[in-house]
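Here chain A shows up in two complexes: once beside chain B, once beside chain C.
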Partner chain A sequence: MKITEEIKISDNGFVFNSKTGDSFNVNPFGLELLKYIAEDKDFDSIKDEILGKYDVDSLTLEKDFYEFCALLKHHQIVAQGDPMEFK
Partner chain B sequence: MPKQKITLAVTGLNNTDNPGPGVPVIRGAKESEGLEIRVIGLVYENLEPGIYMDGLCDRIFQIPYPSSGSEELIERIEEIHKQEKIDVLIPNFDAELFSFMKNEQRLSDQGVHTFLPSLKQFQEREKDKLPEFGEKYGVKVPASINLGSISQISDMEGKFDYPVMIKGQFYDAYQVNNEEQVKQAFFKISAKWGLPVIVQEFVKGTEVNVIALGDGKGNTIAAVPMRKQYITDKGKAWGGVTLADEKMMGLTRMIIRKTKWKGGMELELIKNSSGEYYLIEINPRIPAWVYLAVGAGQNIPEALIKLALGQDVKPMEAYEIGKMFVRYSYDMIVDLEKFAAISMNKEI
Partner chain C sequence: MSKLAYEKPVISKITAGVPNKFGLPVKQKIISEIDGIPVSELIKDYGSPVFVISEKTVRGTFAEARQAFETRYPKVQFAWSYKTNYLDAVCSIFHSEGSWAEVVSGFEFEKALLLGVNGSNIIFNGPEKSEEDLTLAINHDACIHIDHFDELYLLIETTRKLDKKARVAIRVNLDAGIYPIWDRFGFNYENGEAWNAINRIMLAENLDLIGLHTHIGTYIMASSAYAVAATKLSNLFMATYRKFDHWIKYIDLGGGFASKNTLKGAYMPGAETCPSFDEYAEAISNAIISSEIPHENLPVLFLETGRALIDDAGYLLTTVLANKRSNSGRRTMVIDAGVNLLFTSFWYNLGIYPAKEASDYSEETTIYGPLCMNIDVIREAINFPHVQTGDRLVIERVGAYNMTQWMQFITYRPNVVLIDSEGKTHVIRKKEDIETFKSFESNPKK
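Entry: the complex of A and B
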């Protein structure tokens, strides 16, 4: 899963798709997740980072993360090469 | 290097909720680094806001509507030219373009230069000829039929699924969901804009637009794609953002190359969910949102003036992506004298 090249992400969480003109706001945690994805981290290392930093159980994190990823895909913020990725 | 002094005549100073492109064209022209522009505003109505904007026009003249006849309009331009020595004229209304295109040579012989599409280019992109245009130039367009009378509504049967778009040949469009609504839209549009009325397949997707300038030899001198972010109830952009979309740019360059388009244009496109672009309209002139292109780095009015003067203009390829425009309305307090002068003397 890669953030598409037309996506511009500001430090304040403003996400702009320069190809479609769509814009989105993400909260600080969403921004953090986007940064991990942009750094090409796989889910296991993202999970380790988050579990070490926040009071959340692994199952909830996994569920919320996939939900977030589905939203990113829906809004063409990320492109998914392999459909089995993150599964 | 001293700036070249140019007298520019511009129509379309109606910066209303259905804005003409005149005011942004003048703003762009005045920002030219190489040209010193003296502006002659040409207006049809005495309440066009551009008349009252300080520092916009050096002189203002009222001109007759093209509907009163090409000859009357052109004679008025010649009369103004005798006083003001117009170098370049940029007409900004669809309805007046025909008169100016037809009289291009006559005006040019007197030193009034324009840079307009040819009559052939103008006519083949007309809304009622869009399917032929699409086929000829290999562009996807929505299916459409032309209705010359109300009885032809039966021709739609089996060809379209609702909703469909009902459009006037010059202006107006309604999305309709059944035959009764088709009839209502037909009467509304035909009463205002004449026949034919166009029935067009409804393409679901996002509307995107490109402003472009062709040099008449197949080269794209300027092109900036935009998505409307805020649309008025008249369907006009009240806010928009420039896009980075190579597919749209490629399509624009292809259309200009194949048609050898001369002058300003606006492509209206629908991008469907599969990422395909459907051309729904070509406006054969600079659109009212031209100042976004100027702000993004492509001064289209300046380039058009230079092309009209026969100067060499290099294609502009770069523009800022994610640049936005937001329109606003503003109450000007003006003295009655200006209104009286344009009403009584037809000039200021």
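Entry: the complex of A and C
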């Protein structure tokens, strides 16, 4: 999962897509996830860090993480891979 | 080291400066308890979903309505509209407050008798009255509100067979300046049909004309429409006196007062736009008192108020089953109460609230019921905070029409619980189970 080139992310949770002109608000935890994703980390390594730091169980985190990723794809913030390519 | 509080990650698109319909977002309302009993406890004891009715609210609302009318008009009588909510316990509360019964079928008539209502305190409305129903009504001296000429002649015939008199009123339909005009029930005022019916009744030896009735529609937002209706009935009242030297006993203005629910497509919340009981009472009382009717002959004013008296007292407690995303990225949620239980969700944008403090982040959401059917949508679009599966929600103002128009469809109908004036809970209609259905069916193939 790669954040597309046109995306600019500011430290206060403002996300701008210079290609479409859309802008977004992301909450602090969403912003943190975006930074991990930008560093090319996969869910398993993100999970360990988050579980150590936040008061959340791994199932809730997993559900929320993948829902968040689906939204990122929907808003074209991350590149949509081939949908038929299952891993 | 203690861990940081977790908040679900959310990202939302910024849409250029279109303000929220009702101004800036306000702090999310929550309903954590009903009459002091925690929602969590009610669900633990009675399951989810569960309807809950507050006796305190029923009596409080009734007192408000009665006061509005009794302070403006000398003789007022409410008749509880059974079809709005005919659970025995609910009807009994209204009867204990002095309400008569307003019924529209033989079934509802039997129910009122079983609850101990004196037959002469039953108003029998509606277009569906069989000879058997009329016989029951005549034998109990009920007030029979005639809907059409065929019924009038059937009634005359039935009184002859029984060799008894019937106490009757006619239902009148009229143009009260609102749309739609409900002209399918009763005799029309403007074209003279109502006056013809009165003449026919006055000539029938077995019929005693005691009332004039209209029900101009439901969820009427203009109190002025009632003034028009009351004036027209007053005209018929005086015309009957002039021609026949007969004083009719009551004028019945039916139901139709708006409840505080918000109609679909309405711009403002119903709680802020619907007239108060005082406004309706003012319009109706002024119209009758300022008509030609002499003070000493003022008729009793009957009201068959339904939804406005019971909507606020009913709650449906429900549980979040799933949070989903649609293909278009829209947030959707599935709850365990569907349109099978919430007939009024077809009319209203029902108020739905979390039972406990939820996330500060909210998002436009579609709320689905649990039925495997596309029509099962409780709210198309509601700004709703993020909640977890298993969280409890409360749907408010569901006391009217849902517990009578609900369907047994796909699943069982749930418990209905009354919280009495002392704060004690009682199951007043028990949840259906497979035995309920076994008792209805027989299977020649097994």
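Everything that follows uses one rule, which is that the second predicted complex is superposed on the first by the 79 of 87 C-alpha atoms of A that agree within 3 Å, B and C clash if a C-alpha of one lies under 4 Å from a C-alpha of the other, contacts with A are read in each partner's own complex, and residues count from 1 in each chain.
Here, a contact is a pair of C-beta atoms (placed from the backbone, for glycine too) under 8 Å apart; a residue touches a chain by one contact, two chains touch by 3 or more.
The structure presented is a predicted model; accordingly, all values stated were derived computationally and were not measured.
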| Once chain A from each complex is brought into register, does chain C clash with chain B or fit beside it? | fit
| query | Who touches more of chain A, chain B or chain C? | reply | C
| said: Between chain B and chain C, whom does A:K19 touch in the aligned arrangement: first, second, both, or neither? | reply: first
| task | Scan A:N27 for contacts with chain B and chain C and give back first, second, both or neither. | result | second
| request: With both structures superposed on the shared chain, find the angle between the C-alpha centres of chain B and chain C as seen from the C-alpha centre of chain A, to the nearest 10 degrees. | output: 80
| field | Partner chain in contact with A:K8 - chain B first, chain C second, else both or neither | value | first
| remark: The superposition places the nearest Cα atoms of chain B and chain C at a distance, in Å, of 6
| remark: In their shared complex, chain A is touched by residues of chain C numbered 3-14, 323, 325, 328-329, 361, 388
| Touch list for chain A against partner chain B, complex | 6, 8, 16, 18-21
| Given the complex with chain C, which residues does chain A contribute to the contact? | 15, 22-30, 32-33, 53-56, 60-61, 64-65, 67-68, 70-72, 74-75, 77
| field | Residue numbers on chain B that touch chain A, as the complex places them | value | 206, 208, 226-227, 229, 240-241, 243-245, 271, 321-322
